[in-house]
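Have a look at these structures, which come just after this line.
Shared chain: subunit A. Partners: subunit B in the first complex, subunit C in the second.
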Partner chain A sequence: MLQYVVRRLLYSSVVLIAASFLVFVFVAKGAGDPLAPYYLAPNIDKEGLERIAEAKHLNENVFVRYAYWVRDAVTNQFGTTLLTNEPILPDLWRVMKNTLQLVVVAELLAILFAVAIGVYSALRQYSVFDYTATTFSFLGLATPVFWLALMLQVAVVQIYLHTGHRIFPVANLNSVDPGSGLSFVLDRAHHLVLPVLVLMVASIASYSRYMRASMLEVINSDYVRTARAKGLPESKVTMKHAFRNALIPLVTLVALNFGALLGGAIVTETVFSLDGMGLYFVNALNVADPYPVMAWLMITATMIIVFNLIADIAYGFLDPRVRYE
Partner chain B sequence: MSETRQGAAGATAHELELSYESGVEVEARSQWAYARMRFMRHRLAVVSLVVLILIGLVGAFAPWIAPYGFDELDLDNTTAPPTLEGWHLFGTDQLGRDYLSRVIFGIRTSLWVALVVALLSTAIGTTIGAVAGYFGGQVDNLLMRFTDLILTLPGLAVLLTAAVYFGQDDSVVFGVTIPQPLKIGLILAFLFWTSVARIVRGLFLSLREKEFVEAAKAAGATDTRIMFRHMLPNCVGPIIVNATLVVATAILVEAALSFIGFGIQPPNAALGKLISDGQGEGFNLWWLVTFPGLVIVIIALAINFVGDGLRDALDPTQRRVRG
Partner chain C sequence: MAEPVLSIRDLTVEFDTEDGVVKAVTDVSYDLYPGEVLGIVGESGSGKSVSMLTVLGLIPQPPGRVVRGEAIFEGEDLLKAPAGRLREIRGGKIAMIFQDPMTSLNPVFTIGDQIAEALLVHNPGMEEEEARRRTLELLELVGVPFAERRVDQYPHEFSGGMRQRAMIAMAIANQPKVLIADEPTTALDVTIQAQIVEVIKAAQRETNAAIVLITHDLGLIAELADRVVVMYAGRVVELADVFTIFNSPRHPYTIGLMSSLARLDADQERLEPIPGQPPSLISLPPGCAFHPRCIHSQGREICRTEVPVLRSLPGEGDHVSACHFAEELVARDVRVGATSGGGA
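So, the complex of A and B:
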């Protein structure tokens, strides 16, 4: 087991290092000179730009630049941004904390709803409830996340225009003056209602389908029939024998999805202008600054690798038939 | 179900046989004929297919169908809510541009980009999956590790990065101009081939143990011939189903890219871009945001239903035609 984890981590580090080089070449070469647009601006301090190019080694070849980047990443916390020369990591920690709040709340709620919907759909297969749930998950999977977010904003704004009530804020993590203590928490929660709702819809749509399929498979399996045959009450059969085993595949799916979501709900955060990982990344791309883009990609890739590993290990704990080689 | 229905492709349905018991003429049906009959029973899928074909035709003939040009200004008729007057069914924006026409042109771009993604990713994925599954061993290991690597990438982020750095304008390769929307399609295709690769690999792993493959080998067929003439036709069903679903995903992802502003660039029309333009006009003009999005939902929903119908229809283990 320990051997398995160590081997996976070693393998992942190699992949990560190789990927970091490829991505760096990709970002450095693809962008050309990241300062080029600024040279064209009329009132710009050309010497200042040249100083930046010098300090960031932009004139060296790509291997040398990669080496400098690795040095900064390892010894200097991913270094500083291109133009403003600000440290990158403190910003990343701040946005990650915000993203965590959003994603954890949304995923927990989504799992609760999805499991309930999926199990009930499976137990009452082809019932009105089952068909309704299926219809809604099809709709949820066909709806672009950003459009759902916009429609919620449109609805809230229209309600405000017609009644004068602001039900929910449509942007930002907090009001201008959020206060402190409990009022800060309440203000934050109020701002997160719509984003959480948007994130939940997509997750519920896919998790509930998954849960339903997995529950149906277990219900029709031999050992559940055995449990019934030996006279166990139906509630015990579904809850103890079927439900717990049906949850196993969902655990993997959720772990994988969660790892990816830590990279920020890029679309949701953009629409609601939430100061999270996703918006940070989009902003970095917008100013074509390779350094925060690299830092973000590395941290997110690491998260995904770690959560993949967690998913595999969890699977082994939950399903003793799985063996690690 | 009509007895005169015949298989679409390579059907042997013409061969009429006499049933020796009753003397009634019985028509032999090909796999395709059975598949089509099963598909036609799936009412939602058939309706969705009709809707899709209609939307596709509207997109294909956009310049002739759209009541106005894509960028046609009408400064006397700005910010009109949806109205029958002048066919402004989806309203107009602050420059008086007709949103129905803009959406029709958007459908055209978005649909063909999605088709490119589906075709190209299916071709890449099928080849990689077939090679991995057929040869197995180290080749399989290497290719599947590569597939896993792509699967662990933060997809949307990589797409955004690639689109920002490579996909922002037309480019010329060997004297051939590659239009910008096509480049976005290529970038999407290079990330979307993994699912079909895994499917084809799995099928090939079991197919290569079958007797007909052994027979082909014994007859001296080359590896390429066995892979593509003998084994691949047995995987057509799952490949088509997957390709259908890729079209839906591609439309949604392309819309998100274009919405964020890194996808399809003006002057090309795209549904996602129309939504973000509409958002820029403020939420008073709700129709600018609502209608392009609604069209995306309808397209994606219809494709998913068609995919569902195809999944049932193309499963050769299901021979039942009547329910």
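So, the complex of A and C:
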């Protein structure tokens, strides 16, 4: 098992290195010269720009620049930003922590609801509940995230305009003066309600469909009939024999999705201007600064690789037929 | 004869489907006596399994529906028994072995857990240790070698034959009065089939259960059964002891089955099939459901208009047949060696 994990991590590091090089080339070449807009501005000191270009080796070829980036990434915590020369890692830790809060809360709630909805739908297939859940799932899947986020903001603002009550904040992670201790936590939670809701809708919609489908498959299987023929009570038949088998495909899906979401819920974070990974990435891309983009990429790719591995390991725990040598 | 342990009368089960009502079994009646092996033969879809699954409350309702009939077990009609009572009986006094051991065991629990579960659910107060000890005994009884080690293995670590042994161990865990074996050897290869037959015999010796053997394998019937129920299109068409069924069948369908067997004692160029296809259970032919395929009907009116009732044949004891012209079939010699293998 340990050997398997180590081997997987070794394979993954190769993938990571290849990915870092490709993305570096794309950003460095594709986005053009990040300093170009400033050369055109009349009131900017040209010598300063040249000093930056010199210090960041912008005039070297892309392989040399990549080599410098690797050196910075390894020895200097991903280096500094291009224009402002700020260290990258502290910013990245901050946005990661924020994204983690958002995603963990949203996904945990989504799993809870989705599993309950999926199982109940399957056990009462073609009931009113099942049809209702199905309809809302398809609605949830079909609704664009940005639209839902905007509509929620509009609704909350309308309520404020009509009643004078601010039920939820529509932007940012905290109030201007959030206080500290418990009042800070409550303020943060209050701000996270709408973004969490938006993320949950899409997750519940897809997870509950998966759960329903896999539960349906399992409750019609021969071994569930065997469990019934044994004289087990129906609750044990479904919750022990069927549920554990039905959970297996969902675990993989959730783990993979979770890894990807840690890269930032880009649309949600942008609409609600949340200081998270997604917004950080979008901002770095806008100024064509390869260094924060690269740092973001390495963290995100690592997350995806780690959660892929977690998905496989979880699979092995749930399904004894899967064993890693 | 002794009192029957299970007595099924006029059992009629239908399934509602999008294409129409499937008449899975119609007016099925038979008795099961203590200690005997009752074979139920017929083609796929002839209703062999449905009657037994219905008795145990294992058909999904809906779409399934018991239209009429009763199934008396120890003085109690199982078709009217509440769900909780049926659950006590399932796996307790009436246990079942299923067709495909590859899919009938839960892949995520160990063999031992699954057998012990059958013990624990029917013996409240039994200690886990006691259940484990008994599980080991059962595995040894059905011939699983190294039971001590294999008890903690998962189904995927067992071969097909070993899994079926484990299924049998699970079924006889609570000393059932009735053991239903639904195509117990169909999914296994021939050498393993012979071993499983021995295990079933051993299981019967151990528990003295009456066995209902549902199969389309006439070789297996010849090997194990004492009496045979022949089913066609959801009805019982013939019922007799195993020698009578093989030596002097009195229903054209049974005769067709026997003629289509490969025989070791005769020089046969080709097997003789029954012409035509089994009818759709949604739109059965009028009259006798077998008449379109019957070589004895010969266009006779009554075969197309009247459903033949199951009646005992004069001078033949318990032999019953549902053919209008059962007596005409006496002369025909269709003797088949009782040891011949091969399926129907």
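Things worth noting here:
Heads up, the rule we're going with is that the second predicted complex is superposed on the first by the 322 of 325 C-alpha atoms of A that agree within 3 Å, B and C clash if a C-alpha of one lies under 4 Å from a C-alpha of the other, contacts with A are read in each partner's own complex, and residues count from 1 in each chain.
Here, a contact is a pair of C-beta atoms (placed from the backbone, for glycine too) under 8 Å apart; a residue touches a chain by one contact, two chains touch by 3 or more.
Keep in mind that this is a model prediction, so the values were computed, not measured.
Subunit B and subunit C, once both complexes are superposed via subunit A, fit side by side.
Seen from the C-alpha centre of subunit A, the directions to the centres of subunit B and subunit C diverge by 70°, a value given as a multiple of 10 for the model superposed on chain A.
Put subunit B and subunit C next to each other and count what each touches on subunit A; the higher total goes to B. Contact with subunit C, but none with subunit B, is seen for A:Y223 once the two complexes are overlaid on the shared chain.
When both complexes are overlaid on chain A, the residue A:L297 reaches subunit B alone and has no touch with subunit C. In the superposed model, A:A288 makes contact with subunit B only, not with subunit C. Contact with subunit C, but none with subunit B, is seen for A:L232 once the two complexes are overlaid on the shared chain.
Residue contacts after overlaying the shared chain place A:H241 against subunit C, while subunit B stays out of touching range.
By the document's definition of touching, of the two partners only subunit C reaches A:D319; subunit B does not.
Remark: least CA distance from subunit B to subunit C after fitting both complexes onto chain A is 5 Å. Comparing the two complexes, no residue of subunit A contacts subunit B in one case and subunit C in the other.
Those residues of subunit C that touch subunit A in the shared complex are 56, 58, 83, 87-92, 95-96, 98, 100, 103-109, 117-118, 121-122, 154, 156, 167, 170.
Against subunit A, in their complex, subunit B makes its touches with residues 149, 152-158, 160-162, 164-166, 248, 252, 255-256, 259-262, 272, 275, 279, 283-284, 286, 289-290, 293, 296-297, 300-301, 304-305. By the touch rule above, subunit A contacts subunit C in their complex via residues 221-234, 236, 241, 244-245, 318-321.
Of all residues in subunit A, those touching subunit B in their complex are 15, 19, 23, 26-27, 30-31, 138-139, 141-147, 150-151, 153-154, 157-158, 161, 260, 263, 266-267, 270, 281-282, 285-286, 288, 293, 296-297, 300-301, 304-305, 308.
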